[in-house]
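Several structures are given next for inspection.
Two complexes follow with chain A in common, the first pairing it with chain B and the second with chain C.
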Partner chain A sequence: MNKYLGNKLAITLFLLPALLVYSVILIYPVLQTGFRSFYDWDGLSEATFTGLANYKELFADPLLTTSLRNGLIFAAVLAFFQIGLGTILALVCADERIRGRKLLKTAYFIPVVLSVTVVCQLWIAVYDPTNGLINRLFDILHIPYQQNWLTSPTHSIIAIAFVNAWQFMGYQFALLYAGVKSIPEQYFEAATIDGCSKWQAHRHVTLPLMRETYKFCFTIAITSGLGAFVQMLIMTSGGPGTSNYTLTYMIYRYAFMESEYGYACAVSVLLVAISLLATVIINKVFDRKEV
Partner chain B sequence: MKFPKSYTYGLAVMMLTTGLLTACGANDSNSSNGGNGSTETAGNSADGTETVKLKVYAQHFDDDTSKPFDYAVEELKKVMPNVEIELDPAVMDGYQKLKTYAATGNMPDIYFTDWSTLQTFAKSKNVEVLDDYEVTNSFKANMTSGTESRLVAPDGHVYAFPDTGIEFQLLYYNKSIFEKVGIATPIKTVDELAAAATKLKEAGYVPMSIFAKEKWIPRAFYAGFVTREDSNGFGTLDDANVKELPQAFITAAEQVKKLQEAGLFDVNATNTNYDQASALFYQEKAAMFVNGQWEIYSSQEKLGDKVDWMYWPAKDEATYEASKLFINGAGSPQGYAVSPSSKNKEIAVQVASILAQKSAEYRYSQLGSPIVASKTDKPIAGSVPAMMDRLAKEVLPNAQAYAGALNNTKISTSLEDNTQSLLINNFTVEQFVSELNRVLKKEHP
Partner chain C sequence: MQKLNRFVLQIPLWLYFIVSIYPLFWMISYSLKNNEEIFVTNPFGLPTHFRFENYVTAWSQFNIPRYFLNSFIVSTISTAVIIILALMFAFAVARMVWRFRGAMRTYMIVGMFMPLQVIMVPLAILVRDFHLTNTYGALIIPYVAIGLPFSTMVFYGYMKSIPREVEEAACMDGANIFRLFIQVIVPMVMPAIATVAIFQYLNNWNEFTLAYILITDEMMKTLPLGLLFFQGTYSTDWGGMGAVMTMASLPMVILYLFFSEQVERAMTVGSAVKG
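So, the complex of A and B:
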């Protein structure tokens, strides 16, 4: 084995095809996007170099504020529901005294394998202000809380984010459950001997030892929230008006509706930068020893 | 941390490759016209002439699009038997597939598209300028009156041969519901329409069903009111001197808001698609419906004599009478265009012209639609829906003005966003005006 690992030339040669493919399908488009963001370009005609003009325009664009705010709300809803609820469910399912754990585990994961379109259509029906399940339920229970779930310019983003959170909670649950199960049983036994209750043991043993899992879960949730798009497209077409826009929706609008590919590239660069920044911050937070 | 040399080499090779690819891609804008493999000379026909195969990208997804096209292709065979058409059915994607064809230098010989795409293609030289072709002159000479703006672009060039005339939106209403609820027709003023909305709502009907999830429809609804105040309609906003929203547009916004507040629309209007909205109207749960004149066939088929259309109301009766024959549709160019990279460009131009004219012939002779771009000698074959007949006799011959086209995409998109927002609570006319003013100032510095 050492003989093979010592041959650096062989390693380089074996890695090269994968690196080339990686370069072509990932690094090349990213660099092209960055490159094009300095141009005024409609996607077909010859591009004109405009320097930082696209970025100046972007930072003065009111859609950016809406999109960033929505992205953050979306990310917060995902983090809260998927990781918060996912943790509770993972801890419950890891408890061997709970009956029907296998059924619960399967049930939580079912929405993940459904098509996003199907899930969105389902929730459009649930959110319908006249005949939808939620308003009907409030009506039956005589709770005066009838809402226009998807047409409110301020609250519909939360309703939409919840759909994503509901659908992909099973994925986060699977990661968190695997994290819980990977912790050696002896740690819990030691904590119990020291007088910890079950929840104290989870608080002082399980959660700190799942730091790496949480790091990954938060990265997935936050970056998914910042780049959310499909649910808005299907459920509200970004509306009413532009109230449900996110950065990805901005990219879609400028590239495909207004043929401003250069400007759309600038938005893409910003999205990548924000996602990277979020990833770095999450890594820093979870790498701190006291966490 | 020290990297082994080989890792550094590997990374260097990767970066070099990426850099080269990036640089290679930098000049690809010029390659969009590079090649075209769509046209073929397929062989010889029975009479010994060479057969030419042309690829046509056209809409072909329902009766309204497939029947006129199929008819045109059959008619083409009689005139140009040596031409074989290979259909590439268009998808409803805002012409993204067509733009991808253009970007990859893989354009079909003939394609059907709208003015927005034609403008982009004109800039990138992906559309043949048809000004100097003989067939263009004969097409122009055979056009129905008032439809020239469908052929000649605002820049004076001809890019595509249109089949339809200037299309516009109508307010459809269910006569029997109106009678049942006790609403007198015609509704002439916005106040009358607001009062009708209240009555209909109290009677348990959705006053007007609108598929406002598609943003063009609230925009079209708003255009109807603008046209009552300004016959040029949205065309006014294309003027570079317009830096603030004119009063006609503010009045129209106030009228739409007033109607929204009177409960004209369903609470879920901005999240309702065509299928849902039309179902409400055809199941007689909604009393009114807004769509283009093409909806006449479906509505007459489903509701028979119960349905009719009305003119857009105005601020008062005098304005209504003075402006009811201002048409809210604008004549922007669209139709069958030809790719400059077609190997049989001359033939393709002729074929595009024939497809457009024969498609118009089908619409007129088989569907009885007078809203076509070209004249035809063929008589109307079947019975014409009463609403279309009314349109043909009452409106088209007496039309006083057609709205101007709005070519600025930014202003147009902003109108769509903000007219949709007008249909919801908590969005004010002031917000509408302020947002439009911001865009106008930016676009017309």
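So, the complex of A and C:
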């Protein structure tokens, strides 16, 4: 039997194609990014080793402050909106007696399957200062809060982050909903019989048991916030000026517009380091309170 | 009292229902209106007169059919290749007996945690050096590589749960290892194949960032990329824009409506595999 399943030639044939594509296209570039971040390189001519020069330059780059700030705001909007609101919706929707749950779930999920280009262009229209949905709605309701949603150097990042939050709300909702559903009904019933109100029961029974779900949801929200790119590219081209830059936008600009590949790689390394740090912190926070 | 309570509780659910769906309804509505209706007479509701000519114009005047074709080719080939390669890899790691299979599995999992941004720059250069820029290969090969870790792990999970007796029986019957794989194991993991196929198709169809970096030729653009063109040149014709956006969205929305269970399962499987 072991001879049958230990056929060396067969193993090689089964492994090789996947291994080759994966190593050349994914692992090799990852190593390259780390390696090239120590070089001055325009992508074409000979690269020169410059040690930590790229990193020194990076930490003095005024774009870095903007990018980090925007990444944090983006992550905060995602976490607050998707996980906060998503939790409430998932808890209410988990009640078997509520009608139309299938319809609700479907409606929340549809934006997830749309192309990000469609979503961004739709929201450019929604945010349009004169004909957009929001300003028209404010007009009808006589709320004097109409504005150019996408051109404010300070606030447009929130408007942009909201587009991403809106699109992937359904994804987080599906995760949270599955998390709520995975908890045995009896736990919740026991708590309500012991005199807890419904919300107390959720607060003290359901939510603590969903630790693993929350760990994953927060990791997704925070890392995708820190790495955000497409929304600002399509909706504002990183502007006005450079006010909507993020780390990924910096990578894009330095690599593909200014041909500073080495420097762009240094930004990539920083982005990975920050994402890893965030993941570690999230894990620590959720592991701390053991039940 | 309880009934009233439940009703009040449901309000946030339906409010968010509107937030989630109304922008899309609004888009479809304006895709069927002319500018006067959109901007002045009837911005919010259904069109009074369905102007399907917006769709006809959009389809015939621009490169839309070409973008559809490109997206179709790229997504279909990538998804098929991902499934074949991932099945083979998962089979070798999950069912066959050799020394470094644990290490091999870990090596593949690593890729699942790599953000796209880390490989973006070297990948662009790699594609250029292989002379793949502006070919289907420039997208298909990276999509396959990126799709492999997740797909392999899903198949691995399914294959692990198949009892040993299956192989023993196949061995007794004198089937060689390749027949065992194709005629016994692959049919047994069909549900996993369906899940992975839908998930990867969706991902590949909607992928934007890599396509944006690797494709510049108008004739090779996929839908998400091609749609950008309208933003600049056609931003005053909202009806036409809306028609283009609606058409581009339909295939995936239909796919989701038919396979909603599988799509949601694929997503949550992803969380289980990663977490």
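The criterion applied here is as follows: the second predicted complex is superposed on the first by the 262 of 291 C-alpha atoms of A that agree within 3 Å, B and C clash if a C-alpha of one lies under 4 Å from a C-alpha of the other, contacts with A are read in each partner's own complex, and residues count from 1 in each chain.
In this text, a residue touches a chain if its C-beta (ideal position, glycine included) is under 8 Å from a C-beta of that chain, and two chains touch if they have at least 3 such contacts.
Computed from a predicted structure; not experimentally measured.
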item	value
Touching partner for A:Phe256 - first (chain B), second (chain C), both, neither	both
Partner chain(s) touched by A:Ile11 [first = chain B, second = chain C, both, neither]	both
First (chain B), second (chain C), both or neither touched by A:Ala178	second
Which superposed partner A:Ile143 touches (first chain B, second chain C, both, neither)	neither
Partner chain(s) touched by A:Cys93 [first = chain B, second = chain C, both, neither]	second
First (chain B), second (chain C), both or neither touched by A:Thr106	second
First (chain B), second (chain C), both or neither touched by A:Val285	neither
Dominant toucher of chain A (residue count), chain B or chain C	C
First, second, both or neither for A:Pro240, with chain B first and chain C second	first
First (chain B), second (chain C), both or neither touched by A:Leu19	both
Overlapping contact positions on chain A, where the chain C interface meets the chain B interface	8, 11, 15, 19, 22, 24, 27-28, 32, 43, 124, 130, 256
Contact footprint of chain C on chain A as seen in their complex	1-2, 4-8, 10-11, 13-15, 17-19, 21-22, 24-30, 32-33, 36, 43, 85, 88-89, 92-93, 95, 97-98, 103-111, 113-118, 121-126, 130-131, 133, 136, 166, 169-171, 174-175, 178, 212-213, 215-216, 223, 227, 229-230, 233-234, 247-248, 251-252, 255-256, 261, 264-265, 268-269, 271-272, 275
Parts of chain B lying in touch with chain A, wherever the complex brings them together	4-7, 9-10, 13-14, 17-19, 21-22, 25-26, 29-30, 32, 94, 96, 99, 102-103, 116, 120-121, 123-124, 126, 213-215, 266-271, 409-410, 413, 417-418, 420-421, 423-427, 438
Residues of chain C touching chain A in the complex	6, 9-10, 12-14, 16-17, 19-21, 23-24, 26-27, 30, 38-39, 43-44, 85-86, 88-89, 91-93, 95-98, 104, 107-108, 110-111, 114-126, 141-142, 144-146, 148-149, 152, 167-168, 171, 177-178, 181, 202, 205-206, 208-209, 212-213, 223-225, 227-228, 230-231, 238, 241, 245, 248-249, 252-253, 255-257, 260, 263-264, 267-268, 271, 274-275
Chain B-facing residues of chain A, complex	8-9, 11-12, 15-16, 19-20, 22-24, 27-28, 31-32, 35, 41-47, 62, 124, 128-130, 148, 150-154, 235-237, 239-243, 253, 256-259
